[in-house]
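Structures are listed in the sections that come next.
After this come two complexes, each holding chain A, first together with chain B and then together with chain C.
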Partner chain A sequence: MIHFLISVFGSSNYWYIVFRSTAPILLVTLGAVISEQAGISNMALEGAMLWAALVGVIVSAATGSAWMGLAAGILASILVCVTLWYFALKLEANAVLVGVALNLVAHGGTVFVLYSLTGDKGISSSLASKTLPFIKIPLIQDIPWLGKIISGQNIVVYISIIAVVVLNLILNKYTIGRRIKATGANVEAARSAGINPDRVKLFALVIAGVLAGFAGCFLSMGYTSNFTSGIAAGRGYVANAAQVVAGGTAVGAIFAALIFGLTDALATFLQNVGMPPELIQALPYAVTILGFIVVTLSRDRREAARKRALFSGGAASGGAGDGGTAKKQAEGTGA
Partner chain B sequence: MTSARKRGFFHSIGLYFTDRDKLEPAVITFFAVVFSILAGVALIFLVSKDPVTSTKNFLLGPVLRTYNFYYLMIAMVPITFTGLALCIVYQAKYLSLIADSSFYMGAVIATAIGIYLPLPKGLHPAVAMVVAGLGGGFIGLLPAILKIKWRANELVSSLMLNYVFYFFGSFIILYFLRDRNQSILASLPFRPTFALTKLVPNTQLHTGFIVAAVAVVLVSLFIYRTKWGFEIRLSGANPRFATYAGLSVSGIALYAHFISGFIAGVGGAVEMSGLYRAFIWQMDPSYAWDGVIVAMLARKNPKFVPLSAFFLAYLRVGADFMSRRGDVAFEFITFLQGLIILILASDRLVNSFRARRLRSDALKSEALARKAAEVLE
Partner chain C sequence: MNALLEAVRLTKVYSNGTAANKRVDFSVRPGEIHGLVGENGAGKSTLMKVLYGEESPTTGSILLEGKPVSFSSSEDAIRAGIGMVHQHFMLVPSLSLAENLVLGKEPRRKGSRFFDLEKAVRITEELSARYNLKVHARARVVDVSVSMRQKLEILKTLYRGAHILILDEPTAVLTPQETDELFVELSELRKQGCTIIFISHKLGEVFRLCDRVSVMRDGRMIGTHDVGDVDSQTISNEMVGREVKLGVDKSPAQPGEAVLLARDLSFVDDFDIKMVDRVSFTLRRGEVLGVVGVDGNGQTELVQILAGLAKTLTGKVVVCGKDVTNASPGTIRKAGMAHVAEDRMTVGTALPASIMDNLIADRYAGKAFTGPGGFMRQDAMRQEARGIVERFDIRCSSELQSVGSLSGGNMQKVVVGREFTAEAELLVISQPTRGVDVGAIEFLHKRIIEMRDAGKAVLLVSSDLTEVMSLSDSLIVMSSGRIVAYFPDAAAVTDKELGLYMLGLKSQGEEEIRMVLHD
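Let's turn to the complex of A and B:
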């Protein structure tokens, strides 16, 4: 087993697959992060990916251009997220329920459209769809081991890394980021500061739609070269768990998505050595839950420690601490 | 809760026509139902080459043939169980879909019992139901525990767990219960004692239908007539108040989830012993998603679960009949289900009725007060 793992982690092929399977999760996780930062749970990401994947394939087959497919797919994904916004904010529906409903609409709707167009419910192979280009980076592709990993990935993989940088900028460097965070933290406070929370949430959801659109199109026009029914395979839901692991930051999303990507890629290899594929397929989802628990636990502990420090500190400066805190304070200074 | 003093079922139905707080949601539900059917017909006209026949098959298929009507009654059984399961969870104001895992694993557990336990007829499926229910109950606890201990969003964690349990369940079937003589993926055949008797000879309608009906009655009594049911409703309606009243809200959430999972697990066992001779599901039937819409149409009141299950089963059987005889894909029903949830979830639609009524009431009483003041002067 150890030997096997060493051989896996040493192979450039494994790390190539890690990048490839992390990219879509990373993109939707970023979408979940920005939605959650704006204070709206975006359960519809799964549906947004499904529509993007299908529309991308159809439009690329119709126009003969992968880029047109990508653009249309992103548009479809944005539309799903804007629908979520409309129902959740304008019709005051429970955002989570709307997300569930939009996913049902997407699950049924994509198959329905696919069947009506091609007569096939499972796969879009009869459509001559295009794939997004794989990029060979000159010079870097010649580096022995590393070159095989970094170069030759699909363009969306590189876009996902750029997206991290862009989202980090949006959230931390620009006014809109402050507005998003303010809205997410306290809608009323944001409103009294002159922010229009509805508009801010709409902006956040449109960005989330763009990100989920990239992810969805990548699944059907890069990761694989067809649309298959249920192609998102719960990645939109995983993103909502990963978003918590990410702690609401774009950089954190990389680690959260990597948890999934690493196990997902490992699953492909474990299957080759005769592990039951059913258990392996369950692995990424199980690990996501575990990661979720670990992160919440450590955050709770940090929070508790911070509060303890705050209270004991406050008691000392106020000079009116009761016996317990004063004693604790004394111990603290003694040590 | 208001005036339901031992007045019986028909009185409480009557309330839906006299009490506007109850009438308005009912109108919205009706609107959602009609709208979804119209949307379905519109879709058929959009894609079908023979829309009239397809529409007729969709709308009347279930009643055109007796066979289809029995099929409808069979289709009601699993979604009644998951609908009840989700009603309980909703009453506690949780939105977990773990009933899917409970149902699926209930079926897997029942499969193992159906194959290996030598028990007399009658007792055999009953034992399977109880054990599957217990298994489903413990699975149902997981998202609640995750939520209480680690504040994990129960919907997200339950969806993750659904994937885990689906793969785990098919692993058990494949590696421990598989019939290797079959070319298709199937478990070993059940013992003959495991099968539920048929309600009507020469049809597939089985006694599981009665079990489902009993479950509806029991859950209704549980929610509206017992202390535990009251506590579930109270903690769902206002958790803070429930805490001040000295109730353990997390304890309530735990047993609500256990009971919900239990019912879904029983549903899985009933489905196995009623309809199949071996476990042959090639994919997760995802009845919990149907349960969501059944529970929402019933406004989380178990009493109305059979009605909404009937409606959903009607749509599904109609869609199935239509897709077998025409060129419209069965999946459009999932699309319609999503639409129905969208409408039902939009509180604004209900609240706008109520807001308008309250405003006009307020204006009326203000005018009355002004008039009274004039008279007094």
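Let's turn to the complex of A and C:
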């Protein structure tokens, strides 16, 4: 086993796949980050990816241009997110329920459209769809080992890294970022400062739509070269757990997505050593959820310890009986 | 002197029919600090919300410098130069103080959409220096003290051009030292031409700080005085003075062994404010222990901790000898506690469910109601429900009627009927007669005394002072999350005296308060 792992981690092929696997989850996690920062749980990311993946394939086949496909796919994804905004914020429906409903529509709807167009319910291989280009970076591609990893990736992989930088700018440097964070953290505070929370949330959801659109299109026009039913494979859901691991930051999203990407890539190799494929396929999801649990628990602990610390040191209140016990207890749990 | 801001015969009736302000006249002179006092529910907050444009008046008008104005939102009020510091801070904890200050009105780098943090910091520091309100512009809100957050809130209103400041109970969250500091700063603001409306429960503070004081009670303006012409006793009487509604017949208490030990309980809200601050007391069998205090001084949170609806950060809760610290409500009930919740609509009952379902909600799993195979025994359930409906005089067409269709008094009887038949040794009763008609009040009071005489221990929390005083055998007074007084004999204390403790004008020594531990 050890031998096997060393051989895996030493191979440039493994790391190439890590990048490839990380890109879509990274993009959609960024979408979840900006949604959550604005105060909405964006469950509809899964559906947004599905529609983007399908529309991208169809439009690229119809126009013969992968770029047109990408643009249309992103538009479809934005539309899903705006629908979520309309139902959740304008009609005041529960955002999670609307998200789940949109996902169910996407799961059935994409298959329906696919079948109507191709007569096939599973895969779009009869459509002459295009794939987004793979980029060979001059000079870098000649570096031994590393060149094979960094160069030759699909353009969306590079875009996902640029997206981290852009989202980081939006959240931390632009005025709108302050407003997004304010809206998500204390909507009353935002409103009292003259900010329109609905508009801020709409902006955040449109950005999330763009990100999920890139992710969806990559899956059907780069990661693979077809749309298959259920191609998003729960990434939109996992993104919501990953954004918690990311701690709500764009840079954190890299780490959260890497947890998924590393295990996802490893799973590809584990398949060769005879582990049951069902278990392997579940692995990246299980690991991400595990990360989510660990992060949440440790955050709750820290918060409780911090609050408890407010009471240690200060003189006991008039009616306090046994201050010593409380202090001991506070120290015991704090440690 | 001409008034700067005036409310004229202002009435506010909320859509649910509550008249929160009844023909209120209120006027503020330029350059004064005007105290507004009154108990919770007296209508102070509503009046301020109307002046700040958050609510529109039903009738009556607002005059600013003698001219009628109408605010459709708080933005209009802000534009007119009125700023408000809410009791719950309107801040974003994860952002820096400077970022919070400029939120919604951010400085940008020349010719770009980039946020200019340096300029925001500069603005904050300049304002901070000009008004002598010291803040750390670069620190995050979550990392600074409550008093600094409050200064930031004041600066925020000044940044937006306010010259009339409304401060809603600003000292409720401050230590005495911080309060002193705030008062110096507010006096300084007055010198610079600001007009301040200062809402408080604490009369001592009003007397130290304010030029004039207005008193509200039950939605009405009772009076406005120059602070120099009036003493705190007069104001206190105007605030809490009310007719005694009902007497309760009861024999002297015969306290037995301890049933509830609360030791060193604490709770912090989302804004790091100590709502319950190391509270300890003992409750004995056969005694009604009343908890009095102005609403919002930790009584609600204390009850939530006892009932398992909130977690204490320190200390322990022991019910009938069993440690139930931070246990689930189910476990606490099993240990012997019943709980009449403060809010019968959301916690006490399930409104759409039937009276019967509500009455058996805590006992349906018992053998009496669940037959073999897990099937519910309808006949036994109905019989139980009918029995309670009869005993507690719940006026309804049938026990299958939904609780939501009952009047407030009958709804409360459903809650009390369930809790008082739960065979608990300890009853935690919160606001038993809030919004209940007079007939039902008398009925409920009698049941409470019956439970005491049957040897149960009763903890009674109520903001109705007359009620607590007439039902309780002994009393504790809470102020700012702490127990500030213990009276072993409730009959030996007057409401005037209690008022002084409730309003923070007086506090007992540690030894006296420790007596509530009975150890």
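Here, the second predicted complex is superposed on the first by the 301 of 335 C-alpha atoms of A that agree within 3 Å, B and C clash if a C-alpha of one lies under 4 Å from a C-alpha of the other, contacts with A are read in each partner's own complex, and residues count from 1 in each chain.
By definition in this document, a contact is a pair of C-beta atoms (placed from the backbone, for glycine too) under 8 Å apart; a residue touches a chain by one contact, two chains touch by 3 or more.
These figures come from a predicted structure and were not determined experimentally.
The partner of chain A that touches more of its residues, comparing chain B with chain C, is B. In the superposed model, A:188 makes contact with chain C only, not with chain B. By the touch criterion stated above, A:72 is placed in contact with neither chain B nor chain C.
Within the superposed three-chain model, A:231 lies out of touch with both chain B and chain C [touch as defined at top]. By the document's definition of touching, of the two partners only chain B reaches A:282; chain C does not.
Residue contacts after overlaying the shared chain place A:40 against neither chain B nor chain C. Touch criterion met: A:94 reaches chain B, while chain C stays clear of it.
Of the two partner chains placed by the overlay, neither chain B nor chain C lies in contact with A:17. Looking at the shared chain after the overlay, A:108 reaches chain B, while chain C stays out of its contact range. Against chain C, the residues of chain A that register as touching in their complex are 173-179, 181-182, 185-186, 188-190, 192-195, 304, 307-308, 310-311, 316-323, 325-326, 329-330.
Interface residues of chain B facing chain A in the complex, by the touch rule stated above, are 43, 47, 95, 146, 150-153, 155-157, 159-161, 163-164, 166-168, 170-171, 174-175, 289, 292, 296, 328-329, 331-342, 345-349, 351. Only residues 41, 43, 87, 90-94, 96-98, 100-109, 111-112, 115-116, 121, 234, 237-238, 240-241, 244, 276, 278-279, 281-282, 285-286, 288-289, 292-293, 296-297, 300 of chain A touch chain B when the two sit together in their complex.
Every residue of chain C that touches chain A in the complex is listed here, in rising order: 74-75, 78, 86, 88-95, 99-100, 103-106, 108, 113-115, 156, 263-264, 266, 268, 272, 274, 277-281, 313-316, 476, 481-484, 486, 507-510, 513-514, 516-517, 519.
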